[in-house]
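In what comes next, subunit A is part of two complexes: it sits with subunit B in the first one and with subunit C in the second one.
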Partner chain A sequence: MLKIENLHKTYKKSIALDGFSCELGRGIYGLLGPNGSGKTTMMRCICGLISYNSGSIECGGDKIGYLPQQFGMMKALTLYEMMEYFATLKRIPKAEQDKEIKSCLELVNLSDKARSRVGSLSGGMVRRSGIAQAILGDPKIILFDEPTAGLDPEERMRFKSLLKKIKDGKTIIISTHIVSDVEAVCGSIIIIDRGKNIFTGSSREMAELARGKAYLIEEGRESSLSGNFYIKDRISRDGKSYLYVLSDSPVHAAARAESGGGIEDGYLCALKNI
Partner chain B sequence: MFRQNFRLFVKNKRVFVPALLLLLYVTGYLVYLCVRYTIYSIPHTHFLQEALKNCFPAFIVLFYTSYELFYLPEGANAKEALFSHRDARGRIFGGMSAVICLIPALLFLITAALNIIYCALAGISDGSYYLYFISMLFLYFFLGGIIPIFIGALFSQKFKRVSSYALAALIIFVLSDISDFLPGSISNMTEINFWPFKYIFAYILPSDVNWGMVSEYGWGCEIYRWNIVLFWIFLLGFLLLRLCRLKSKGIRLASGAIVLAFIAASFVGFIRGGSHIELGNQFDSDSMESHFYNKHNVPKTKTADFKVDNYDMKLNIWRQLEADITMSLSKKSLDKYDFTLFHGYKVNRVSDENGNELRFDREGDYLTVYSSGKLSSLNIKYGGYSPVLYSSSQGCILPGCFPYYPIPGFYDFLLNACYMPICDLDKARFEIAVDSPRRFYSNLDEGSNKGNSFSGESSCPTLISGFYKEDSAFGHKVIGTTAYGSKAPAIDGNYAAELQALINKYSSGASIDLSKYTIIDSLAIANGIYNSANGLIYLCDDLIIINSALGGDARDGLARDIIEADKKGFKEYITEIKRQEDEETRRLLAELY
Partner chain C sequence: MRFEKYLNSLIISKMALKSLGKLFFVPQIFMLILAPIATYLELLSGSSYPLCYLASYIILQVLCPFFSLWWPLLGFREHIEGGGRETLLAYKKSILRELIEVFIFYFLHFILLLLFYLLCWDFNYFPYLFIFLTQSFAFFSLSLSLAFLLKSISVPFIVGIIYEIFFMGAKAPGLDFINMLSSYPPEDAAGLFLPYVFILSACIIILTLAHLRFRRL
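Presenting the complex of A and B:
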């Protein structure tokens, strides 16, 4: 259980978190938000990397595992030695370290690389080893900050299946701006914008936000748009050029209404207050 | 965490190799010197000097090693993953610090072991000398070595590489002798002593290791040096502690408060200062003493209207001389009492036998106490030191011919960079109690209380401590230095007997019985008090102070000088020597121009 209440964090000139609150039970949560919305700041606050100005974070004494956005390891050590370093930091008893390390490396499919120097591992392997260190010691709360960044499609698939393997009894937060990643694995989604929680719900509930708000209008007829709207895309159809628009007001009859987009449209509606 | 960090350290060649090379270099160089100096019978002080010179390169390597090791998590992008665990910063910094502190610990152990071996081979048996150099090596190699480690750790968390190394270069510049011109020039221009600002940094490393050492004193390892090294360790430790971001507020506040208290205590200790030797043009050095005399002192001469029958002296010699002296006066009804007391001692209080404070004037080396009526005894409290005739817990040379105690009358004892001995002083009875961690030696008899208390009648109550020993073979009381060990001829009863034989050989008629005298052999006093070319520094009824370091034919000359001084009186003898020397100087100058 993770409870965040009214979290405020300001840097010198900017507000990173502006009264962020949420209550998370067990399960996988997708933390969505544009760049600079406060996702990483919030994760850093949760795991104690940075202090916050006010508010509270309660994790009920659960251990926290964290994969930062930029993850690297000491190149001179072997993967096993590096994991040992993390295991000691996590205060895993010495007698259990070997077993724990081996099982984590197996989960991320890096058992055969245990004796390889970290410097010789590929970018994807380093990322996977980052995941391994995050899940080491069986933490009940796991924070993944942009876990799939830099991974090839195969690695992404592997990551998703890994999440399914470890999710039981855990609170897992995946911070990302790739909406499709969230859709596939996350039971719940939190949208953060300018340091505020603007949406919490399931992926279906998020998709619902866009229901009846998506339109295709011919290019050049933008003047018919009113209220809050957002031009998401340009589409060519039947030799004509159309704009894919999300709008909270009914669009002129000349436009063709779409039945409503998926989770991505819902995300945009939440962000643009449509 | 130690094991993991040690592995990390050893596996990072860029960090490990320089540290290993430093250890190998220091060990190899000292082993080579140990063999070479033993073959050539070079005194241990020279070996110690060479060992101390390694502190400077060690400082640089330790900074580099520390910076690079602490920078590893940052450089490898592993900082966030590592520091996200509870109290991880503290544990990682602690582990890494412990690993790097192995280097100064090893440097200290290697250097101390080789110095002990060298001393043992040289036949030095003075335990206090061993204790001195081991504690000094601990101060400069181990404690001093922690400072660059902490600086490196701090810089690694605060600055990028270029800025860090630029700042480190600046620090090294400030620490080293190269920057001496800055406080030197500013002090000379403004007459304000800027050296203490330099010392705040410079005393992290041993001072003056490029100069010749005074063997009875050794290289500076005074209390205030410990204070400043500890001050830096605590200050940097405090900043590191803040970086550790301990989760528990209670521990954070408590540890912060304790460390702050240590910082304040260490700095106050440093500010309190104390007696030390500074070679060169520093404000406290002997050359600055001559500067003082040339600029500020107006020499006076006056025969006293009174005598002091009895001196009861309570001396505290830790950081510097702190004296509480009660004098019984021969004349009770004078309006004023004139004394000569070295200007380095600040008079704090003068009072009569009832404890009533008395008015006094202090002008350079002179003290005048005003009395309004009958005065049978006088109490004077003062403290300070001379940069030449030092007095600290490390060592002390206070010859009775130097006004470290109030001498009745005004005497002009100034001379460039050293002092003329004050001669023909009246005998008085002395009761002296010295509070100091070191053993003291004197021409006076040891008191019944033992433990640095002396009593007796003398015109030259001399106190010395440092690396000395006393020998009483053949009925002579001889006090000589121990720092040379068996490498130099022993200054003991045998030496006195040989000197006696020479005196007997050269004296015609009246013979001098050396067993009536205490013989003190001191190069340090020779450096501070004007003396003859053959090493006779002072001679009075019960004391002969000599400098045996001249060696060679000087012993014959010394025997002749003792005979001459005894015949003429020492004042006449030394005045004549000075007159001849001045004439010679004038002649040489005339030849030149």
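Presenting the complex of A and C:
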């Protein structure tokens, strides 16, 4: 259980977290938000890496595993030694370390690289080794900050199946700005924007936010749009050029209503207040 | 539980040193091989015994304190400026204990060197052990403090080298206090402990304060 209440964090000139609150039980949570919305700051606050100005974070004394955006270290050590280093930092008893390390490396498909130097691993492998260190020691709360950055499509799929394997009895937060990353695996989604929690719900609930708000209008007719709207895409259909628009007000008769309802549309509606 | 804590700390220090690869051996090469060779060559060249004693003392002054910063800075590089800093800090907020262990490990090497001088040539530098300890700790403490403040290990290295070059011979009146590396052995007890007690105390305080900065990302 992780409870965050009214969290405020300001840097010298900017507000990173502005009264962020949420309550997370066991399960996988996707933390979505544009760049600079406060995702990483929140992760760092949970880990105790940075202090916050006010508010509270309660994690009930659960151990935390963390993968930051940037991970790369100790190139002269072998992967196994690096994991041993983390196991010691996490105070995993010596007698259990070997079993724990082997099982984590197997989960991220790096068992055969255990004796390779970290410096000789590819970027994707280093990322996976970062995932392995985060799950080492069976922490009850795991924070992944942009975990799929630098992973190829096959590795992304493997990461998603890894999450399904380890999710039982854990609170896992995946911070990303890639909507498709969270759709398949996250039971709940939190959208953070300008340091505020603007949406918490399931992916279906998020998709619902866009229902009836998606339109296709011919290019050049944007002037007819009113209220809050967002031009998401340009589409060619039947030899004509259209704009894919999300709008909270009905669009003129010439527009064709689209079904909408994708979670990406829902995300944009929440973000643009549509 | 307490024993396990100490053991964990020792393992972390060991792994940090292991992460240095071949660079780990540099202080040992200088301290345990090159310094005795330099003394041996000085003796071979026909220098008198007291002159050789003094020359070796100066060699110890120049070489050894500087190498007190080698293992801590390079071994804990990831904690200070590396790509793994954020991850490491998430699991361990303080590395002060490990740094002190590495310093003790370094100083044991130094004592070994002094023992070697005593046994081979009957050069007894043990009366100046406190001076060597203070000088080494000053280099160790100030370089780490600088590294913590700047989150960089290259600046302390450069500062250390510049200090060695410019101040090790500073004997001008009024400048003595700058020269931690008192090139010549002190003549009395006051010279042996003062101002080294103050330098040592100041360095402990500075390191402790700078370490507070290290704990923040």
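The definition used in the following text is that the second predicted complex is superposed on the first by the 273 of 274 C-alpha atoms of A that agree within 3 Å, B and C clash if a C-alpha of one lies under 4 Å from a C-alpha of the other, contacts with A are read in each partner's own complex, and residues count from 1 in each chain.
Throughout what follows, a residue touches a chain if its C-beta (ideal position, glycine included) is under 8 Å from a C-beta of that chain, and two chains touch if they have at least 3 such contacts.
It should be emphasised that the depicted structure is a prediction, and the values quoted were computed from it without experimental measurement.
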item: Partners on subunit A (subunit B, subunit C) - clash or fit; value: clash
item: Subunit B versus subunit C as contact partner of A:Gly55, first or second or both or neither; value: neither
item: Partner chain(s) touched by A:Tyr66 [first = subunit B, second = subunit C, both, neither]; value: both
item: Subunit B versus subunit C as contact partner of A:Met74, first or second or both or neither; value: both
item: Which of subunit B and subunit C A:Gly187 touches, first, second, both or neither; value: neither
item: Subunit B versus subunit C as contact partner of A:Gly124, first or second or both or neither; value: neither
item: Those residues of subunit A which subunit B touches in one complex and subunit C touches in the other; value: 44, 47-49, 51, 64, 66-68, 70-74, 76-77, 81, 84-86, 88-90, 130, 133
item: List of subunit B residues in touch with subunit A within their complex; value: 1, 4, 7-8, 11-13, 72-73, 76-78, 80-86, 88, 91-92, 245, 247
item: Touching residues on subunit A, where the partner in the complex is subunit C; value: 44, 47-51, 64, 66-68, 70-74, 76-77, 81, 84-86, 88-91, 93-94, 130, 133
item: Touch list for subunit A against partner subunit B, complex; value: 44, 47-49, 51, 64, 66-77, 81, 84-86, 88-90, 130, 133-134
item: Residue numbers on subunit C that touch subunit A, as the complex places them; value: 4, 7-8, 11-12, 15, 18-21, 78, 82-84, 86-93, 216-217
